[in-house]
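Below, chain A partners chain B and then partners chain C, in two separate complexes.
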Partner chain A sequence: MTSLLDTPTAAPDAPAARPERRWCAALGLLPFALYFLVFLGGPLYFVISGAFTDADGLPTVGNLVASLTSPQYLLAFRQSLVLSAVTAVIGAVFGTFLAQAVLTARPRSPLRRIVSTASGVLAYFGGVPLAFAFIAALGQTGLATAWLRSAGLDLYASGFRIDSLAGLALTYVYFQIPLMVILITPALEGLLPQWREAAENLGASAWSYWRLVALPVLAPAFAGATLVLFGNAFAAYATALALTSGSIPLVPTAIASALSGNVLVGQANVGLALGLDMVVVIAVVMVAYLWLQRRAARWSRR
Partner chain B sequence: MTRGRRWRVVVLALAALYFLIPLIASAEFSLRAPGGGYGVANYTRIAEDPVLLSALFTSLRIAVLTAVVVLLLVVPTAVWVRLRFPSLAAVLESATILPIVIPPVVMAAGIAFVQANLGGPVFRALFDSSTSALTPFYVILALPFAYRAVDNGLAAIPLRTLVEAARNLGAGMTTALVRVVLPAVRSAVLGAAFLTLALVLGEIVIARILLYTDTFPIAVVEVGRSAAGVSVALSLASLLLTWVLLLAVSFVGSRRRRSSRSRPSAPRRNP
Partner chain C sequence: MTAVQKSPAETATDAAVEFRGVSRVFGETRALDGLDLALRRGELLALLGPSGCGKTTALRLLAGFDRPTSGEIRIDGTDVTGVPASKRDTGMVFQAYSLFPTMTAAENVAFGLRMRKVGGAERSRRAAELLELVGLGDRGGSYPHELSGGQQQRVALARALAVRPSVLLLDEPLSALDARVRVQLRDEIRRLQLAEGITTLFVTHDQSEALAVADRVAVLNAGRMEQVDVPQEVYARPATPFVAEFVGVMNTVPVSGNRITPGAAETAQVRPEALLVGAPDGLAGTVLTSTFLGPVTRLVIRTEVGELTADAVTRPGLPGIGDATTVQISG
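Presenting the complex of A and B:
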């Protein structure tokens, strides 16, 4: 089964390989590593090298400076950061509640299956269908808009637009919550029932169990998953592209228009510099994530 | 207990509202007929529109190729890591989360640079068609969850025992992999393949920036400029189709496991 919700456990058996054969065995990992290096490392290499060269191929830091000082790019960065942070926190909190609510159901119940498979589809579909679903629901003629209007709340009269930053945030949460469910479920499953029983035997209420035992244990995993959600929203572009055709200034929008020469001819290298800025932000987030992951693993290495 | 139950019902009801309303609205919107009333014209449009139809076939071809390459990379590697390098499992786990957060737009920027500035037969062959140009990079995008899904499948079977038994009976490593391990994790493999399908049917960023506009998701967005109902209908259909496929795999996979194994798999612990 597609057990995206199950904990990936480490192999139970001790490594049996003799040391001199380990190097031969390592060759088995080569195709995977090479593929990663060529098709992920390759594009990244050209982004980095292109960011540091000008249109004539000479080394420069001008692109980087431009990408970090022009007002239009600063605005794009601010909007992207706010959008990612807000949707990551909302998605993380609601995703954790949803994951816990689903976990209290039996493991093979239809609810578990529906949520687990739907999370996979929604978290990885990339956002085009989501954009159209939200246009159908909350667009000018959408069903939810019509319902709200008949209930006395005229969204569009109060200034709401689905292709605004708020509309985009609402749509992003639609894939952030499922991703959080996928990421946090293993940690929630790691909370042993014995801990709750021990706490209850010592006289703890449900609230003090969560506050003093469960939440401190969950904290690193929760923070780590929130960071992945942040990175996910920061990197996302498909939804924005389908929903707004690039009318909201976000970093990916700025990169795409710089690459296509919409702004000025010869801006392609500034686009690559913006890409490098993005990678740096993501790299910082990932380092923090890996550090938190190590802390979270303390409790799963029982 | 009642307090706990009430809390659960509230969370599940809120989630159902938030997640179902856009889907119901999509269904309603996609069934609206141009002159008023309802009809399925938006869904049958794909059969009449040669552009949409050929885009669908292009994307399905890309999806199949991507899934094949992904599984060729992931299954042997995941098995190998579990058998020989258990200590590397955590490293690979972290490495496979990378493509989730490497922005597709940045990948596309790097590839576009190569496309514009580097020549030679290798690159010409790579950028020759949307299938050859997009498949290698969709593989990268699909690797993280494919690895997780396959690795979870491997965690649920007695992998070492199976492989050693097969080898004691004279099977080579490849035979053991194809005829013993692969059937045992086939539902995880199918799940990974269907998630790859979801990804290919939803990816527009790389295709748009590299100007390969003949893929299905791009065609869906394009047709939306003149006929929004068709876009909504096609994206809802592709979303639901993928989800039903995954749900079917989930039910079939577990029924097989329950009948073939008497004891439900207990959580494993390190010795």
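Presenting the complex of A and C:
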């Protein structure tokens, strides 16, 4: 009988892949690696080296100091951070509610199909077309503005402008919510029905279930998706430029004016330093996102 | 079945759980069709049937996750048909993966007590006690993903028992486990159920599981009850052809007297272990398959009355595949 209790002899491992075959597999990655190098590595090198070089080509930290201390850039950073954070949180909250509402609809209901298709399109609807759509709708002579005025609500008389921070936020939310729907839906689908039933069976109200069971499970995915939304807004350039013509200082528009010498000549390297600051912000966001992703994955391991 | 039939009034007061004419219709499908079933206090009743027979529907109706289309459900004599799941005082163990993933085993077990506003110290004490009871006294701090499937189901069982529910509901709790763990946990569930004396409804599609642990077995088919009886009776005297086929293996043969007789008008149902292989006066046949099961070998023999399944005590000289042999009802 001992033979039955013995650990079964391990099956011989699959023969290690021959080195030449591994090389072949790596070769498939080559186009991507090249692409990555040319279009991410190259510009990054250009940004970093430029940020630490003065107009005469000598090494300096002056650009970086200027990018982090001059009042106009500080204002740009503050506005960019506030705009990104506010639209990320609004987008995350409303996007989650919308995604949950869609998931509770019948799988083949038209609502579900419309919202998921629309989210896929609208999440990437940005830049000049979106800015134009908002100007046409909510600009001083926009359709919605005129309609609201005739209904007795004069937006512009009450201080609203489409080319303000609030107008920008409103426009950003338009693509932030659908992006959140796309990002959070898999996590919401990962909430197993038996968790809700087990909670109910043990006497939990709907609120207790969400507070104690569902939200803790969702938290890492929710926070991670919010970070993506933050990065998405932080890096948006064309929408802001087209909507405000650069009248609202934001980091991407500040970089554009510094690089093109719109305001002051010889600020190009300060523009690169601002670019480096942005790279650092996005890198921090990405590291936090990856860490949260790993936490989120923990609950789905069984 | 007990020899003395109780009067309906008596049964009503005695029943811990009662389904009275319960039907559940989904669109065109009658998942349950006028189910009448009473669970006695403290008994383990196995609700057995193939998938789609309505057994899970019955369990979910009792738990309160679903409402019957018609009929009435009572727990301890009280009509709970309209009572929400969270107020029904049932403890349920699901098929798998029902533990709350962000809570430790102990927190999972204490969850129901937390919902009942039991104080922290008392909660931890009871959770520890329950985990001890299911043999996981040292795993209270582990998260579900750190536990094996069998351990997770033990925690789920402890969680369901922690609130001292009036009924324990088991929804195929062993189906996701591997064979050895399944038998172990099955016996453990029975041990705990007897120790706690808790009325239990055990839904399963596995007849050997049902026969092994239940006080009574209720066989359900297409939303209707086929038979409710003690396991021995269900096995020995199946009430309907469906039960005969579903519970164990059954041969239907033409008989005259107690012998298989081709062409006889009368038929009998014979279990594989009641057939004698190589009987001197047996019906001739050819062995189609031979399956070694340890103490017995199961032979499928083709005869002129059809294919018969017979269990023979394993011994040298049993006919092999393709061999000619004879078969007859033993005794």
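Convention: the second predicted complex is superposed on the first by the 276 of 302 C-alpha atoms of A that agree within 3 Å, B and C clash if a C-alpha of one lies under 4 Å from a C-alpha of the other, contacts with A are read in each partner's own complex, and residues count from 1 in each chain.
By definition in this document, contacts are C-beta pairs under 8 Å (C-beta built on N, C-alpha and C of every residue); 3 or more make two chains touch, one makes a residue touch a chain.
Note that this is a predicted model, so its numbers are computed, not measured.
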| Should the superposition on chain A be reported as showing a clash between chain B and chain C, or a fit? | fit
| request: Identify the partner contact of A:204: answer first if only chain B is touched, second if only chain C is, both if each is, neither if none is. | output: second
| request: Mind working out whether A:217 is in touch with chain B, chain C, both or neither, as first, second, both or neither? | output: second
| Touching A:74, do we find chain B (first), chain C (second), both, or neither? | neither
| message | Looking at A:166, would you say it contacts chain B, chain C, both, or neither? Reply first, second, both or neither. | response | neither
| request: Pick one for A:298: touches chain B only (first), chain C only (second), both, or neither. | output: second
| Is A:195 touching the first partner chain B, the second partner chain C, both, or neither of them? | second
| request: Quick one: name whichever of chain B and chain C touches more residues of chain A. | output: B
| message | Looking at A:234, would you say it contacts chain B, chain C, both, or neither? Reply first, second, both or neither. | response | first
| field | Superposition-derived minimum Cα distance between chain C and chain B (Å) | value | 11
| query | Which chain A residues are contacted by chain C in one complex and by chain B in the other? | reply | 301-302
| Touching residues (chain side chain A, partner chain C) in the complex | 192, 194-195, 197-205, 208, 212-213, 216-217, 298-299, 301-302
| Quick one: in the complex, what on chain C touches chain A? | 63-65, 84-88, 90-92, 94-95, 97-102, 111-112, 114-116, 144-145, 156, 159-160, 163
| field | Contact footprint of chain B on chain A as seen in their complex | value | 1-4, 6-15, 17, 22, 25-26, 28-29, 31-32, 35-36, 39-40, 42-47, 50, 94, 97-98, 100-102, 104, 108, 111, 113-114, 116-118, 120-122, 124-130, 132-138, 142-144, 173-174, 177, 206, 228, 231-232, 234-238, 241-242, 252, 255-256, 259-260, 268, 271-272, 275, 278-279, 282, 285-286, 289-290, 293, 297, 301-302
| chain B residues touching chain A - in the complex, by the definition given at the top | 3-4, 7-8, 11-12, 14-15, 18-19, 21-26, 28-30, 73-74, 76-77, 80-90, 93-95, 97-114, 116, 136-137, 139-140, 143, 145, 148-149, 151-153, 155-156, 159-160, 187-188, 190-192, 194-195, 198-199, 201-205, 208-209, 217, 220-221, 224, 228, 231-232, 235-236, 238-239, 242-243, 246-247, 249-251, 253-254, 257, 267-271
